[in-house]
Structure formats: C-alpha cells, structure tokens
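Shared between the two complexes below is chain A, which has chain B as its partner in the first and chain C in the second.
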Partner chain A sequence: MEFTKLAYESTDDFLYGICPKPVETRNGLVIGGGEMYPEVNFTLPPMNITKDTMPEVRRIYSEIIEGVLKKAYELHAPGLVIEFETLPEMTEHPEWGIEIHKILRDAMHNYEDKYGLKSAIRMTPNDLREMSRPPIMRSGKYWEAMVKTFEGSAKDGADFLSVESTGGKEINDEAIMNADLRTSIFALGCLASRDMKWLWTNITQIAKENGSIPAGDSACGFANTSMVLAEQGFIPKVYAAVMRAMVTPRALVAIENGAIGPSKDCAYENVYLKAITGTPITLEGKSAACAHFSPRGNIALAVPDLWSNESVQQVKLLSGFAPVVSTEQLTYDCRLMNIAAKKGHAKLMRDLLVESDCYLDPQAYVLTPENVFEISREIVKTSDPFSRTLNTARKTLEIIRRGLDKKELTIDERDLRWLDILESQVEEIPEDEEEFIEEMKDEVDETKYRPEEYGI
Partner chain B sequence: MALEELSEAVQKGKAKIVKELVNQELEKGTPVDVILNDGLIAAMGVVGEKFKLNQIYVPEMLVAARAMSKGLSIIEPLMTETGVKPVGTVVIGTVKGDLHDIGKNLVAMMMKGIGATVYDLGVDVADAQFVEKAEEVNADIVCLSALLTTTMPAIEDVIKEFEKAGVRDKYRIMIGGAPVNQAFADQIGADVYTSNAADAAENAKEFLTKKYA
Partner chain C sequence: MGSKTTLHIVAGFKGAGKTTYINNNLLIYGKKAAVLLNEHGAAKIREGFTVRDLKSGCPCCDGARFFLRDLQNFYYEFTPEEIIVELSSFANLEEMYRIMQHRFSLRFLSGVRYYYVINTKTISSRELISGPFIKTQLQYADSVILTRH
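For the complex of A and B:
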C-alpha cells in the first residue's frame, strides 16, 4: 500500500479520539472510534534483572498492574491500554519478557471479567539489535530473541505489537550531536527506512499468525533524543523541530508494510502519520513529564486517540506509587477531552491546546494542524522514503522560516544562526538517492554500520 | 597577538589554521605549555563559557574541540620531552547492559575540551574493562554512565571491581545518567555525581588543576 494523499479533506475533521481507520481489539475496545483512552507505561525501580531477582521482578510488575487497574476502575475509565516495554534483559531472555507480559495480561483479563474494565496490552520488545556494534539487523541471536519475544507474547494474547526500532541510529547518534541534517537524512531516508520495511514485514507476519495487531514504530532514538537534547540546551531547537517531521517517512514505511495503529506514544511524528494514513495514534505530553520534559506538553494532546505517560518507575510518591499517579492523571485528562467532544467542543479543545504552545517553540509550531497538513502533503507527493525525507526537511525549514517572517514564531539568536546553517546543509543534498548514498559512503565512518544489512 | 589568533581559530573550529598557527608558534620558540594553556585550553574555556551563557550549542563546541585536538596532536609528543605536565587522563564508558552513549559522548567531548586525554570505552562496557584501562593508561578520573534504572546497579559493580583490584583509591570516580542522583552516588561510594556534561567537565578541571598544581 502506498499513500499518495491525505486521509482528511479538512483540518476541521482532524481531531482527537477519532480517526478514519479505527482499530478494534479482540475484546471490542475501539481505538480512534470517538473516545480517548489512557495508555499507561511503567518500569522497574533501580535493580538488576537476573535469574535470582526474577521473583522480585514478577512481584513488582504484579503490584504495579494491580494498582493501575484498581485506579482506572475507581475513576471509571471507559477503557485502558497498558504498554509493556521490555527491558534489554527481558528480550535477551525472551521467556522473562513473555512471562511478565502474561502476568499483566492475566490481571487485565481478571479486571475485565470481574469489573467490566475493558483493556488492551501493547507489547514492545526493545530493539536489541544494536547490542552488536556495528549492528547486525537481520539475523543473529539478538534478532532471534526479539522474534521469540514478539511471537511468545502474541501467542499469549498481546493486542498490539510495537517497537522503537533502531535501524540507522548507529549513524544518527553522532549526527544529532553535530546537528548534521545531511547525515540524519542518510540515516533516516536511506538506512532506517530500508530496515523498517524488512522489520515491519516480519512483525506484521507474526501478528497475523497470532491474532495480534501490528501497531507501529517510534523514532524515539532519533527525534525524541533530539527533543530532549534541545530541551537541555545542547542542540538547536530548529534541528529538533526538523528531525520531528523528518522521521515521518520512516514511520510511514511501517504502515505501508502492514501496521495499522495505534502507533506508539513517544512518536510525536504520529500527527503526520494520522493525517496521511487515518490510523489511530498514541501521544504523550504534559502528563509524561515524569519521564521527560518537552516544549509541546499541550499541543501533543490536540489529536491523539490514546494518551500516554511514556514511562514511570515504580517508586512511592506522597499519594501512592508513581504508575498509579500516572493512571489518575491520564484518566482525568481523557475524561475532560471526552466530555468536551461529547458536548461538541472537540475542535475548540484542540485549538486551545494548539495555540497555547505553538508560537513558543519551533518544535511545537511544526505540529499545528495546518502545518501538519502542509508537511504531510509534501510527504505524499513522492513515493520513496529518501525523497520524502529530503522534501520533509525542506518543507519544515520553509515553514519555520515563514513563521519567523510572519512574526508569529520567535526563536533566539543562536537558533536563527542554525536555521541558516540547516538550510545550507539541505541545499547541498542531491535529489538522486544513489548519488547521495555514494557520497555518504565516503563521508560516514564505515566502522559504525554495515551497509549490507540495509541492502545498500 | 599570535596566541590570540590561535585561540580565535580554535573557537571558530578552523582546524587547518590551528595546525598552521601551532607550528608557527613552535618555530618561533614559544614554550609548549604556553601554546597549550594560553592558546588551546584558553580557547576552549571561552567556548565553554559561551555555551554556559546559552550563546552557542554543542555542535559549535564540537567543531572547536576538533580544531583543538588538531593543535594538541602536534604538541603532545613534545610535552613529555619538555616536561610539560599533562592536564589529566580520563577513562569513560557506559556500563554493562546499557547502550546509551549520547550523554557519555558529550561528557567525553567536554573532558577533551578541558585538555584532558580521554579514553572512551564505548557502551555496554564490562566492569573489569574499566579497571584494566584505568590501570593501563594511569588514569586520574573514571567516568561511568547509565541511562536505565536497571543498569544503574552496574555502576556500583564497577566500583566494587576497582575495590576488588585494590586500586579504588587511585581514581576519582564520577557518575551520571538520567536516573542517577547524588543520593545514589553516596550510597554506592562514587566520588562525584554531576547532572550534566558541563558540570562534569568543570568538576574534573578543578580536581585536575589541584592534583597537578
């Protein structure tokens, strides 16, 4: 399937909680069917994960899920999604990840049977492939462990399969530090996109065979890393803003190869994905400050179908354990959004959330519905990931420049300087992918990646 | 004036010019320690200050650090001959089981910026590797990084490895990473915790200056 136009005619219809292609789980929870649900994610407190500590790991996850489900039920959450993102040891030992998934899934079934709380679980094995340096993407023990984790949890009833895949990240890590768009375009448009095609063809197959839903990917290690480093004042905000839009063609590859949503929470690029594909999305923002800060806390809540906390450790706060606190925050957020929609104020709500953030930071500015549509239209003008990535970079820079000219967006002097630098970087990239790949093969440190793993 | 020119070239990241100017200074007979301190390190001091004042970003610091390295590579062999004391030696890495390296890379870059010789062991580094490298290069500082709550304990394992080898007190152990904090540093017996790369470099500089005063 190749997307050549947007899923929406007008930004007026581009709203939260609803999308043209909703997804329904086996137990009838509909994502994007008109109601927004919380998606809660959590992780362990500081501890080792070994065979000896696994009893404690099991106990902690049981404690977390009981607390989260109890709070969701008490607050009358109309539905709930739980994300279980494995820690590296749990994917390296697939039986551990599969077992924890089952603990969570069983507790969720129990709450549905006893109290009618409908819930679904997203299984996100971490991408282990980068444990080999340079990474081996398509074979070997790490890939095999990932497959086992996907398969085992899918067999045990995982509703959604997701991943934060890392193809091309081995090259992009250094590019981020240098705010080097040229190398980022190579990493995303040439390497990551090829990996995504291979990866998502496999994940979709596993999902089909086991009745799970292939949900989607996140370019967390690319765009979120950029966002966090920009937030800390390390790299230019304009680079992070361009990166956010520029990871979309990569994400689109997952949908074009079988994923149907809801795409993962930390992928703020999901808004472009929703505009193009009409599939449901998860996002995180102000209620994910437990995991990381962001300059788009409100605008992120403008159009998602699921609303997430990203991740939080099982630590005790004054009120209770942190995952339970997150559950309460997310449930109240969703409650307000849903009542606003029910009373016919969804667009007003969306616009308030957008306007409260969009002029204060270029990273928020590129997420307004109008800018999302403009960038998305640019993406679907061509069909190959490389030219889509390059065109996205150009269009996003153009939008930021235009925002500055119109004086509706302000950025500081050092970012202004970087806007010029990034524009120059993009100007020098050839239109022809093969020519570009040849140029980059000379420029990129060949000890850091294996071109053959990407078929180039 | 020429040293100011050298400093300017480093600040602007003009590596080729830095090499030329360092060679010119050597030909003129400028002492190696003067070139090092008043030319190269002073330039990185200015760059660091601009970064602190939010005038520039890390990529600009990296360009300057690369230019400085070019200059340093010329005078390094002469430092031993002329008896110039090194700024210090740092061994750095992300602990076992953890693949995150951007924060660690930033610290490594900032450490180079203060003129330290940096040995970056990479990510997912075994406990013993830190000890071996520190001993091999006679390091002053060992920097340990972790980004996951479940790899934090590996920092303590590395410290224990130094204790086991009987060399713990030879090194200043600095730690960092998103889930790490001062309480954790105190609990596991690390010498220093810093929350960001700039503070880490400043702390290291202060320590090394006192140590080699």
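For the complex of A and C:
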C-alpha cells in the first residue's frame, strides 16, 4: 500500500474521535468511530525487577489495574484502552512480560463481564536491539526476545501491538546533540525507514496469525528526545519542530506495511499520519506532564481518537495512586470532548485547543490542522522515505519561516539564527538517495552502526 | 553505618575531557574510589578502580527514578570512600541537584560535589547549539573545569 493523497478533502473534517478508517477490537470497541476514549499507561515505582521480586511486581500490576478499572467504571467511561509498555527486563525475559499482560487482560475481561466496561489492551514491548552496540537489527537474542514477547502477548489476547522502534537511533543520537539535520535525515530517511519496513512486516505477520491489530510505532527516541532537549535549552526549538514533522515518513512505513492504528500516544507526529492515512491515533499533551513537559499541552488534544497520559508510576498522591489520578483526568477530558462533539462543537473545540498553543512555540505551530495538511501533502508527493523526509524538512522550515514573516509565530533570537542554519544544512543535501548515502558513509562514524543491517 | 562517602557528579559535553579529569584529579591511588559511567567516550577510566555502567540510563530523565536506588546498591556492593558519576552529555546538573535533594535515604553520603567540564577549543560552537543549557549547567556546578585538547 502506498499513500499518494490525503485521507481528507478539508481540514473541517479533521476532528478528534473520528477518522475515515476506524479500528474495531474483538469485543467491539471502535477507535475513531465517533467517540474519544482514554488510554491509560502506568509503570512500577522504582524497584528491581528480578526473579525474586516478580511476586511483588505481579502484585503491584494487579493493584494498578484494579484501581484504574474501578475509577473508569465509577466515572462511567464509555470505554478504555490500557497500554502495557514493558520495562526492559520484561522483554529480556518474555515470560515475565507475557505474564503481566495476562494479569492486566484478565482483570479487564473481568470488568467487562461483571460491569460491561469495554476495554482493549495495547502491548508495547521494548525495542531491545539497541542494547547491543552497534545494534544487530534482524537477528540475535534481543530480537528473538522481542518476537517472543509480541507472539506470547498476541496469543494471550493483546488487542494492539506497538513499539517505539530504534532503527537509525544509534546515528541520530549524536545528530540531535549537534542539531545536525543532515545526519538526522540520513538516520530517519535512509536507516530508520528501512528498518521499519522489515520490522513492521514481521509485527504485522505476528498480529495476523494471532488475531491482534498491528497498531503503530512512535519515534520517541528521535522526536521526543529532541523535544525534551529543546525544553532544557540543549538544542534549538526549531530543530525539534522540524524533527517532529520529519519522523512522519518513517512512521508511515509502518502503515504501508500493515499497521492500521491506533498509533502510539507519544508520537505527536501522529497528526500527519491521520491526515494521510485516515487511521486512528492516540496522543498525549498536558495529560502527560506526569512523565515529561511539552510545549503542546492543548494542541495535542485537537484531533486524537484516544487520549493518553504517556506513563505514570504507581506512587501515592494525596488523592490516591497516580495511575488512578491519570484515569480520572483522562476520563474527564474525554467526557468534555465527547459532549462537545455530540452538541456539534467539535470543530470549535479543536480550534480553541489549537489556537491556545500554536503561536507560542514552533513545535506547536507545525501541528495546526492547516500546517499538518500542507506538510502531509508534501509527504505524499513522492513515494520513497528519503525524498519524503528531505521534503518534509524543507516544507516545515518554509512553514516556520512563513509564520515568522506573518508575525504570527513567536521564536527567540537564538532560534531565529538556527532557522537560517537549518535552512542552509538542508540546501546542501542532494536529491538522489544513493548519492546521499555514499556521502554519508564517509561522514558517519562507521563504528556506530552496521550498514548491512539496513540493507545498504 | 560505616565510613561516609563523597559523591562527585561530573557533567560535560562529549569530548569535553570528563574522563581525563576524573582520571587525573578524582581518582587517587590509596583511596577507595568507584566510578558509575553514564556514557562511554574515547578515554577510559584508568585501571585499578571499580567501574560500572549506570544501568538505569540517564539519571536526570528516564533513569531518574532508579538513580538513587542504583547509587545505594553500588555503595553497598563496593563501600567506596568516593563515588564518581560520569554523566552523559545530555544530563542536566539542575535535575541532578533536585534529585539529590531527596537523598535523605542515602545516609552513607557525606556530601555531593558538582563539576562541569568545558573544552575551551569547542565551547564556542557548543554555545551556539546549547547556550541556555550551558548557562544552567554553570549555575549548578560547584567547580568548572576548563580543558583544552
């Protein structure tokens, strides 16, 4: 499947809770069918995860899921998605991850049977492959552990399979540090995209064989790392803004190789994916401040189909445990969004959320529906990930520049200087991918990655 | 509780000379010191001292929730007189300072010192990229080390 045009004719139809290609789970929960649902993610408090502590780990996850489901039921949540994002030890020992998945899934079934609360579970194993350096992408113990975790949880009834894959990250890590767009384009357009094709062909196959839904992949280690570092002043915000849009062609490869959504919460680039593919998406914004800060607290809520909290530890707050607190916050947000849509105010709601953020930071500005459509149209003009990535970088810089010229976007002097630098970095990149790869082979530290693992 | 330990937290960009500074100034033969590494650069910690990777990742972001735990485990395993943590380039001294405000459970610590290592040859280009970040690092460092290599 190759996308050559957008899934929407007009931004007026680009709304939250609804999309052209909704996804339905086995128990009939429809994502993107007109209603927005909360997606709750949680994790352990600081503790060691070993064979000896596994009884305590099991107890804590049981306690978390009971609390979350109880709160969702009490608040009349119309449905709920739970994400189980494993901790590395739980993917290294697939039997642990699968066992916890079962604890969560059983509790969710129980609540549906007893109280009619429909829910679905997203299983997100870690991409362990980066634990060997340079990473071995297509074989070895880390890859095998990932496959076992995907397969075991899919057999156990995981509704959605997702991952935050790390192909190309070993090169991009240093590029981020240096705000080096040229190397990031190589990492994303040439390396990550090739890995995504291979990875998502495999994940889709596992999902098909076991009745799960291949959902999507977040470029967390690329675009979110950039966002967090920009927040700390480590890199310019305009670089993080370009990175956000530029990871979309990589994410699109998952959809072109079988994923159908809902794509993962921390992928703010999901808005471009929704515009292009019409598949449902999850997002997080102010609701994820428990995990990280962001300059897009409201705008992120403008068009998602699921609304998430990223992740929160099982720690006690004044009101209760943090995952239960997140469940309440997300459920109330969804309640408001759904009632606004039912009364015919979805577009007004969306526009208020957009306008409250979009002019204050370039990272929010590139997420307005109009800018999302403009960037997305640029992406589908070509078909190969490298051209798409390069063109996305150019278009995003153009949009930021235009926003400044129109005096509607605010950026500081430092970012203004960096806009010039990034524009000149992009100008020097050749249009031909093979030529670019040859140039980059000389520039990139060859001890950092294995080209053969990417088929180049 | 036995003898107390001093914690040295060393930050700086990749290539700033953090490991070289640690080798030449913080690791003193005859004193039982141990190093937690968050980033592997070109230079290596010299032989004769215990070195471990910081398993929990970058202590000021994702790994923050595990850092104090890892530090405690490390202390009880080796009981060093000095613990030196070499941070990754991304690590933020402000965040480390905040994390260490919660060190009441780590009674073995007598004090914490923060170092920021700067390579004067590359600082101007780094300042262009990371100016605000560097300012914050300087605010929270007890000692600023200038290198030139």
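Here are some notes:
The criterion applied here is as follows: the second predicted complex is superposed on the first by the 456 of 456 C-alpha atoms of A that agree within 3 Å, B and C clash if a C-alpha of one lies under 4 Å from a C-alpha of the other, contacts with A are read in each partner's own complex, and residues count from 1 in each chain.
Methods note: a residue touches a chain if its C-beta (ideal position, glycine included) is under 8 Å from a C-beta of that chain, and two chains touch if they have at least 3 such contacts.
Since this is a predicted model, take the numbers as computed values, not measurements.
With chain A as the common reference, chain B cannot sit beside chain C without a clash.
When the two structures are aligned on the shared chain, A:7 is found in touch with neither chain B nor chain C. Contacts of A:87 after superposition: chain B is touched, whereas chain C is not reached.
Applying the stated contact rule after C-alpha superposition, one finds that A:234 touches each of chain B and chain C. When both complexes are overlaid on chain A, the residue A:131 reaches chain B alone and has no touch with chain C.
In the superposition on chain A, no contact is made by A:36 with either chain B or chain C.
Of the two partner chains, neither chain B nor chain C is touched by A:330.
Of the two partner chains placed around the shared chain by superposition, neither chain B nor chain C is touched by A:302.
Set against each other, chain B and chain C touch different numbers of residues in chain A, with B touching more.
In the superposition on chain A, the residues of chain A touched by chain B in one structure and by chain C in the other are 45-48, 174, 177-179, 229, 232-236, 313, 414. Across the complex, chain C meets chain A through its residues 13-14, 61, 65-66, 68-69, 89-90, 92, 128-133, 135-136.
Chain contact summary for the complex, chain A toward chain B: residues 43-49, 87-89, 130-131, 133, 173-174, 176-180, 225, 229, 232-236, 313, 412-414, 418.
By the touch criterion given at the top, residues 54-59, 62, 97, 99, 101-102, 105-106, 109, 122-124, 148-150, 152-154, 179, 184, 196-197 of chain B touch chain A in their complex. Interface residues of chain A facing chain C in the complex, by the touch rule stated above, are 45-48, 174, 177-179, 228-229, 232-236, 292, 313, 414, 417.
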